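When the chains are written out, they are named A, B, C and D in that same order, and each has its own residue count from 1.
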Amino acid sequence: MAEAIAFYTLAVLILGLGVAVVTTPKTVHSVLFLVLNFLCVAILYVVLRAEFLAVIQVLVYAGGIVVLYLFVVMLVNLKRAPEAHEDPRRLARLGLGLSGAVLLELAGIVVYSYGRAAPSSAPAAPVEGIVGNTEELGWLLYTDYLIPFEVASVLLLVAMVGAIVLARRES
Amino acid sequence: MTGQAAAAPIFDTDELVINMGPQHPSTHGVLRVVLRLDGERVVDADVVIGYIHRGIEKLCENRDWTQIILLTDRMDYVAAATNNLGYCETVEKLMEIEVPRRARYIRTILAELQRIASHCLWLGTHAMDIGAMTVFLYAFRERELILDLFEEYCGARLTYNSMRIGGLPLDIPTGWDVKVREFCKVMDEKVPEYEELLTNNRIWLERTRDIGVISAEDAIGLGLCGPPLRGSGVYRDVRKDEPYAAYDELEFDVPLGTRGDTYDRYLIRLEEFRQSIRLIRQALDGLPEGPVMGKVPRLIKPKAGETYHAIESPKGELGYFIVSDGRATNPYRMRVRPPSFCNLQGLRPLVVGHLVADVVALIGTIDIVLGEVDR
Amino acid sequence: MLDTIVIPLLKILVLLNAVLVAVTFMTLLERKVIAWAQSRLGPMRVGPYGVLQAIADPIKLILKEDITPARADRMLFTLAPILSLVPALVVFSVVPFGGDELFYVTDINVGLLFIISVTSIGVYGIILAGWASNSKYPLLASLRASAQLISYEIAVTMTLVSVILTAGTLSMVGIVEAQQESGLWFGFVQPVAFVLVLIGGLAETNRAPFDLPEAEQELTGGFHTEYSGMRFALFFLAEYANMIVITAVVTILFWGGWLRPFPNVEALAFLDLVPGWIWFFGKMFVFLYLFIWIRATLPRYRYDQLMRLGWKVLIPIAIANIVVTGVFKVLL
Amino acid sequence: MEITSAHYTVLSAALFSIGVIGVLVRRNVIIIFMAIELMLNAVNINLVAHARYLENLIGQVFVVFVIAVAAAEAAVGLGILLAFFRNKETVNIDEMNIMRW
């Protein structure tokens, strides 16, 4: 029961804020809604017993990535919003149609799979002596998924260097 | 001068025009600086003055020679005594009045006390601009002692009207010299206290070292005077070059800077504290007996002519140019060469290429008083 | 029902009020300590020795007119102070003020990470305040704030990793218990980390000498230039609440929380007569005093120097500290 | 009333569609980036939900990777955006056609 209340409240909030993100005319407001959306998603993770991910979600997404967005919004001080001037090549209706198609497709999959037994996957054997979500996750990351983990770190390094190179002005 | 303007910004965004002042906590009055910023870096600065122009020079043309002393109080209002001194000496020069030796000694003591008071105010506000707020209150604590001394001497704490053409209105009160000596002793202890808080402070060093560097040639070219000029290593002090009052009979050193940055100017003013104390002590030791007022005609009415006379005010060379037509009991024309105004010329070349935070430090380091800039 | 809803709610109520009262008296403490450092008396008029000043100030702020600039973004302008205060209050839910369950609202197994991540949200209040004011000084301040908070958050988080390595847990209660087991406060085991967290904490709470986002002398008050009345007060509540959080975290991580000095030395057992929460608040008070003392003493850093200190000094030292800690952890 | 993994899947799908709408309809690049973040989050919700219902932590491991990739994407994307804005003073996606032949 408690989970149902939590789920429906959060679902409404997440979807509502998501709609607000893509419809608000002011970019700064969009960013703000995005933060709130991410916070709600983080709470949803807590409901799903993924506390570590919830915290990471807040720390990395809300505390880091979105601040970056806000920073850029402030630097890119627009005199005219892109939506304000009509572009002849603008295909908003086609875009809406395509989005609707995606939604329909996803809905179809959900309806189709509803009620069917989930493919039985072997639950990961709990490692002896390790308790708590965080430690298990860390254990997995540093054993079975060590190489992807390292690749991800290299990716981040590349991204960092790339961002600096891109943003710097050649003098 | 604007060679530093091409400092490369990181992001290419619109230049931001910021209006610093006339209401701003650290423009020391009503100075207005219009800054063009690239990020936080100053690309260009426009210094706008005139917000407390009261027309003192014009007013002087309609006042008695003696009444003008009151007006000079209101130019550099944190150093009224040196303003009085410069004006009185100029008129004395114009009228060829001999000032008694005792009066000259007391004038020197007053001028040096005033220099300490003015530097206290400078040190406090300069440190405050850079964020060290305790120094502000420490420096004002000592300035208060000087104001008390002045109050005892002439009854006023800010606008002293403490000198007269031909000498002084009053001899020093009984026991005043002892109190001045006591103050010197206090100051001996307090200057190291300021130094302890700032001189070797890493943050202070980083905020002032190599900030607002100005070469000796540029400093002369801009017409800077006083500590900003000496900070660039130029030996120029009116007290030494063209001695007035009792300075030719007293010993003191003129501190010089080497790099011409904000830190050097800070060190110079701190050294001037010590030199001023030294001067006051010597003057008190050698204080001669005698009258404090020379032979001055009842009606002060200089014969036709003009003269220029300069003194070293706490902020630099304070000069008075006075024209008398010999007929009226007021000057025909009076013009002041205010050190703050001339030093303010240096602000634009100093700030270009620096960050916003440095702008307030640089306004502080040239030590301006807007009452004197605008007059 | 009682255990899951009523008692936690009561705890939250008590905690919130305690924090807010503590914050108002923090302002008084700060004014008094700085005044003494500057050979002044500080507030003396309201109540004996001015102690009621802490109550007079909020009353004044509530009664003041609440101005919204005509061209401000109304929604964000109102939201910004709230966004900066709420995270500062939320983190208190995982701060244990004592070992007994009575002294904390909850002890989650990612407590430390929770504190780091929630405090990182507080930056939105400052950024949005600067943006919503639609004024240049606040905008500059909020750009400064966002850059500063992100940089120092990285340094602090990296430093905390070495503490987590030493303690072997992320739970705040667990970290103190680990110190009890080892018999040594982590301040002695991780002195470098302690200094880094202290510096980073100063920077993250916008305290002098890192108070650039509100630098009064440069940016005329920074992000809260356009604020007045209670909204202005909310920013200050947030700042002081953050200060208390940082001191509490430092106390827990490095100075044994509610433990007495040398918790395993039997000869000092008489110190246990002093309750744990007194130890805790005593230690916190020392650090709060330190924060105020630093503010009274040091000049302010410049923006670029601040960034250089964060990226080129603190972060490398933090990484080196992790490596050294890791090596020791493996060897011992 | 029990919440099943299907509930989470529906939520995820809806959020994903909102993201798709944002990308396809809006012309402001910053908003498009944000819509992409929404889509990534929709995927994350799905992964975490199924990790829970299948009692398998691998889903959560993937979320960590998705977040890492999102961070990298945001950094590079916003870097490109700044570089572009510097040259053309616009964030309109329709005007970003200099790579088109």
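Miscellaneous remarks
Criterion: a residue touches a chain if its C-beta (ideal position, glycine included) is under 8 Å from a C-beta of that chain, and two chains touch if they have at least 3 such contacts.
In this text the structure is predicted, and so the values were computed from the model without any measurement.
Centrality by C-alpha centroid: the chain sitting nearest the overall protein C-alpha mean is C. Per-pair counts of C-beta contacts peak for the chains A-D. We define each chain's centre as the mean of its Cα atoms; on that basis subunit A and subunit C are separated by 29 Å. Measuring from the averaged C-alpha position of subunit B to that of subunit C gives a distance of 44 Å. The centroid of the Cα atoms in subunit A and the matching centroid in subunit D are 6 Å apart. Averaged C-alpha coordinates give centres for subunit A and subunit B that are 62 Å from one another. Looking at subunit B, residues 11-12 sit in touch with two or more other chains. Contact of a single residue of subunit A with at least two other chains is seen at positions 52, 56, 64, 75-76, 133, 167, 169. For subunit C, residues touching at least two other chains: there are none. Across the interface of their complex, subunit D is touched by residues 1, 3-4, 7, 11, 14-15, 18-19, 21-22, 27, 30-31, 34, 37-38, 41, 44-45, 48-50, 52-53, 56-57, 60-61, 64-65, 68-69, 72-73, 75-76, 78, 81-83, 87, 89-90, 92, 94-96, 98-99, 102-103, 106-107, 109-110, 113-114, 118, 121, 123-124, 133, 136-137, 140-141, 145, 148-149, 152-153, 155-156, 158-160, 162-167, 169 of subunit A.
Listed in rising order, the residues of subunit C touching subunit A in the complex are 73, 75-76, 79, 108-110, 113-114, 116-118, 120-121, 123-124, 127-128, 131, 139, 142-143, 146-147, 149-150, 153, 157, 170. Remark: subunit C residues 34, 37-40, 136-137, 140, 144, 208-209, 211-212, 215-220, 296-305 touch subunit B in the complex.
Interface residues of subunit A facing subunit C in the complex, by the touch rule stated above, are 26, 28-29, 32, 35, 39, 51-52, 55-56, 58-59, 62-64, 67, 70-71, 74-75, 132-134. By the touch criterion given at the top, residues 1-3, 5-11, 13-22, 24-31, 33-35, 37-38, 41, 44-45, 48-58, 60-61, 63-65, 67-76, 78-83, 85-86, 90-94 of subunit D touch subunit A in their complex.
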